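Structure first, then comments.
In this document, chain identifiers A, B, C, D and E correspond to the written order of the chains, with residue numbering beginning at 1 in each.
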Amino acid sequence: TGPSQAEDKFIVVQSTTSTQNSGLYDYLLPIFTRETGVEVRVVAVGTGQAIKNAQNCDGDVLLVHAKASEEKFVAAGYGVSRADVMYNDFVIVGPGSDPAGIAGGKDVTAALTKIKDSKAVFASRGDDSGTNKKEMALWKAAGIDPTADSGSWYRETGSGMGATLNASVGMGAYTMSDRATWIAFGNKGDFEIAVEGDERLFNQYGVILVNPETCANVKADLGQAFINWILSDEGQSAIADYRRDGKQLFFPNAKMS
Amino acid sequence: MHDALTSPARQRTTAAAPAGAIWPVALEDASFAAGDKTLIDRLSLQLTPGLRSIVMGPNGAGKSLLLRLVAGLLRPSAGRVTFAGQPLDETLRRRVAIVFQRPVLLRRSVAANLTHALKTYGVPRGQRAQRLDELLSLGQLESIADSPARVLSGGEQQRLSMVRALAAEPDLLLLDEPTASLDPQATAAIEALVSQAAAKGVKIVMVTHDRGQALRLADEVLFLHRGQLAERAPAETFFAQPQSAAAQAYLEGRLLL
Amino acid sequence: MHDALTSPARQRTTAAAPAGAIWPVALEDASFAAGDKTLIDRLSLQLTPGLRSIVMGPNGAGKSLLLRLVAGLLRPSAGRVTFAGQPLDETLRRRVAIVFQRPVLLRRSVAANLTHALKTYGVPRGQRAQRLDELLSLGQLESIADSPARVLSGGEQQRLSMVRALAAEPDLLLLDEPTASLDPQATAAIEALVSQAAAKGVKIVMVTHDRGQALRLADEVLFLHRGQLAERAPAETFFAQPQSAAAQAYLEGRLLL
Amino acid sequence: MQDFGAAFGQAFALILSGDADLMEIIALSLRVTILAVAMACAIGLPLGALLAVGRFPGRGAATVFVNALMGLPPVVVGLGVYLLLSSAGPLGVLQLLYTPTAMVIAQTILVTPIVAALTRQVVEDLHAEYDELLRSMGARRLGVIATLLWDARYSLLTTALAGLGRALAEVGAVIIVGGNINHVTRVMTTTIALETSKGNLSLALGLGIILVGLSILVNGLVMGLRGSAARLAYA
Amino acid sequence: MQDFGAAFGQAFALILSGDADLMEIIALSLRVTILAVAMACAIGLPLGALLAVGRFPGRGAATVFVNALMGLPPVVVGLGVYLLLSSAGPLGVLQLLYTPTAMVIAQTILVTPIVAALTRQVVEDLHAEYDELLRSMGARRLGVIATLLWDARYSLLTTALAGLGRALAEVGAVIIVGGNINHVTRVMTTTIALETSKGNLSLALGLGIILVGLSILVNGLVMGLRGSAARLAYA
């Protein structure tokens, strides 16, 4: 069980795996708990599952990165309001041998086209997550329907980011990952970032308080306190301070009103 | 067995007389078939208290099956077995005890086997210790009370089965070759016990191949052959002048086919 | 049993004479203890071919344990059991067969039990069918060859165990009350078989409580009492003038303590 | 291959360090598992025995059903329990989701069919031997079950150990209903899954080695106790 | 509660639709599971029997070890096999990672200890009865094992079914070594996990119901065959 002083004062945050796997929470949350005495319990699952769990009132705060879904969530009355918290970006990673010859590029659609043309193996999460949705949008922008080749050069792993990265390394396949997960990832093998910096690879995280009117059990005060803190200067600078291997993983961009 | 005072007959008088009559016990055209073999063949038979009935017949004649039918352990495939006109029910069941040809003993000590039986027969907890001592002494089992029952010698196992059945204080006692592995002394002791019990009103139905034993104990003999009752006669008549060819051949040790 | 031509003795002559001598079979100060009980107590004994040895003694004397020690199924806790001076080894083992007091039958049909034994005894596949027929007829088991062995009547089980042991064509045959549940005809048949086998040179060691049987079969009697060899004498001497008090009491059916 | 070496290294380093977080996680793993197995035995042993000795219509179907439930997918059990315990679910008011209790419930559901199905087999085998005796004694159903369970207790240990193995190794259900919340519902298997998804494969493997070591320890303890019990008592 | 209703609805709709993807997934699930259980039995039955009848030093320890391996965490097995088969691993040249073969290997490793441990118990119980007879007949070790396995075959069915249940329900190992790749290595359990992570809980549950139905079908079939076999032959 958790620290005894917070036995009752805790909130549940439904979140994605990237924020958890990158170690951000392990850095961030103790600071908040120290200041407020409120324990934050993170349930890190796929974005879809996190939203579904929040719809079922099994959390006080939702922190994910799928803006369209988040706005739908609020519009449907499940959440009070949505606020930007921070961003990072997606990168295309691949084996050092770079079979598709895309390394060093910046244009993501060009890179995807090369991958398809060379039939280099590409691992997609294929799980409807925020990352997956972004990837599909990029394919579409490149005018490619990769799912037609699913099972051959295009492999849908139907798994989380970490599992998909493990699979990519195992298969020598390109894949798209958020930068935070990639930097923190421990099983890189000879993999390197091939494509980065395209502004279409932008990755926005948002935070939402679950609506206490739909969900009577939501701890609105504590949840709001957490949201206020994370959006505050203090919380934002804490996010900015978090580094792995000397690299900043998340860039705060809250617009406090 | 050396202590007649602890015979079951004495104990019977101490137990409350059980309600419900069981006499006559009757087989009415009862058959028992397994596969396409008719092993007991439309057998009709009445048993009433009093006479000691000895069942004889060649190996495989159906003696053990007959005892099982009477004990309600087998359901006749045709015809019926009745107790005072009724089928055997739970309340009557404990008034019939059977000693199997091949002892079945629990994976427990000798004493625990008997305690289990006393418990099952509904002897109140407070009386069990005393009854246990009586039964152990009755079976001359005191010195091996704590041995695992399944390592006992053949004769010891038979004696244990015997006193366990006596613990039931039955009205009808079915014995399947209870002295087959006993030494002369134990055989004599069991025969004495059987006679005592009979004298107190317990109906005895006993299978034996031992002609001498049958002569000593039998009031009447039931001779089974190929699942049928070939002959039923007072003991003297049977041994002096067996009527059926089968019984004649059996008694002379000739091959029966 | 009705067909002397198929006796094991005849078949022995057809099998290749096994190498290695087993005689004399000797117990040298052999003891067997379980827990703190000494069940066989420094017993010394030599068995040589020829005389039919009948083992007698009260229930629990240790007769079955003695047979198990000789058969190499129990390891003496002190002393040793030797065959021509050597401990029993794998090659000698098949020259000793034992029929247990309580038949142990495989969960198979009668025929399959015998086929299994023939296979185990190393009878070549081509000869098994014929040997099987011989054994079935020897045990009068033809009509129940396809019955599951474990539903056989007590006598049928004993006959099956008996012919299974004969299938081994042993030099030493250990029989533990092999006729205890047999009808007079089957008893006579087994006794005839035993005599025939003995006549052909098979050493017989047989336990029985049946004085008549002992008188008919015994060349010599070994009388066991409390795990010790109380008396060993030619049959006539033993029954006419037992030397030990224990044997006297036993023969008279008196209580032995 | 160096990963395997690294894994053993990590395992030893972790154990030797006596890391407080690790100890907490191990303790919770054991607590949840042992509770779940105890509950599963409390239900599964009598249930399995009933299937073995009962003579009621539908017994064959019930047996097939219980056997089939050995193949209950953990994720499905996790989902089912989640839906029941979720605030939106019928038992939401109990506020059990994301607690160790929820994990115990999910594991109990997973393990009970295993215990029941294996118990049925063991007890049925023994019942074949005891049936006629117990019926001839007029033993009631409950007495029969008690007798059989007691006399088969050494064989049933293996059944319980099979359930223990399943519970100890299980991750799919507990991660859904427990949420793998740090310091609250994080157990060995969910930690291993987390480290795997972080790509810390040798750490994950190291934790796995510790978990297997734990399993060996518990099994050794149980078999040791069984041994002494069998030697001591024959009641 | 409406989720449960929806789940059953989804399950039926899916089955009735005869969806080709679903059929492909079910077929692969069955293929992988049955192969793995067959291999696990081929290894586990004799191994368990050997543990039951053998009299060799270290037998007790080996038994504890096999029992403990029933608690092998699937994720750990998955990782181990992944590291062996990955391109960087010692068996990388075989190119087996992310193939059904890899899944069969992982499941075989998971199921074998279960089959072996349960077999040991069943065979040991029977051996207690047959031991003296078989020794007196001079039966060799192999013959003893063959005799015991054959005579215990009906009891051992439950053992195999326990293994089957485990394999059918397993997700942690196959998702790592199979990769849950659509049309290649996607099986029922990995699909359920995927739909769960998408938040399609009632679809996931529906698939779970189909999987349990499958398990019931297979178990029913096996028990039915067993019944007819037992009735027909007593060889």
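Here, contacts are C-beta pairs under 8 Å (C-beta built on N, C-alpha and C of every residue); 3 or more make two chains touch, one makes a residue touch a chain.
On a predicted model such as this, the values are computed, not experimentally measured, just so you know.
Shared contact partners of subunit C and subunit E: not a single chain qualifies. After Cα superposition, the angle needed to carry subunit D onto subunit E is 180 degrees, rounded to a multiple of 5. Ranked by number of C-beta pairs in contact, the top chain pair is D-E. Look at where the CA atoms of subunit A average out and do the same for subunit B: the two points lie 80 Å apart. Averaged C-alpha coordinates give centres for subunit B and subunit D that are 47 Å from one another.
Look at where the CA atoms of subunit A average out and do the same for subunit D: the two points lie 34 Å apart. Among the residues of subunit D, those touching two or more other chains are numbered 82, 89, 196, 201. Multi-chain contact residues of subunit A (touching two or more other chains): 53, 160, 163, 166. Within subunit B, contacts with two or more other chains are made by no residue at all. In summary, the structure contains touching chain pairs A-D, A-E, B-C, B-D, C-E, D-E.
Interface of subunit E with subunit C (complex): residues 129-130, 132-140, 143, 147, 151, 234-235. Listed in rising order, the residues of subunit B touching subunit C in the complex are 2, 34, 57-60, 63-64, 101-102, 144, 151-156, 159, 176-177, 180-189, 209, 211, 249-256.
Touching subunit E in their complex are the following residues of subunit D: 1, 3-4, 60, 63-65, 67-76, 79-80, 82-83, 89-90, 113-114, 117-118, 120-122, 125, 155, 158-159, 161-162, 164-166, 168-169, 171-172, 176, 188-189, 192-193, 196, 201, 204-205, 207-209, 211-212, 215-216, 218-220, 223. Within the complex, the subunit B residues that touch subunit D are 68, 71-73, 90, 93-94, 96-98, 100, 104, 106-109, 112, 116-117, 119-121, 146-148, 168.
Residues of subunit A that touch subunit E in their complex: 45-53, 123, 126-129, 150-151, 155-160, 163, 166-167, 169-172, 189.
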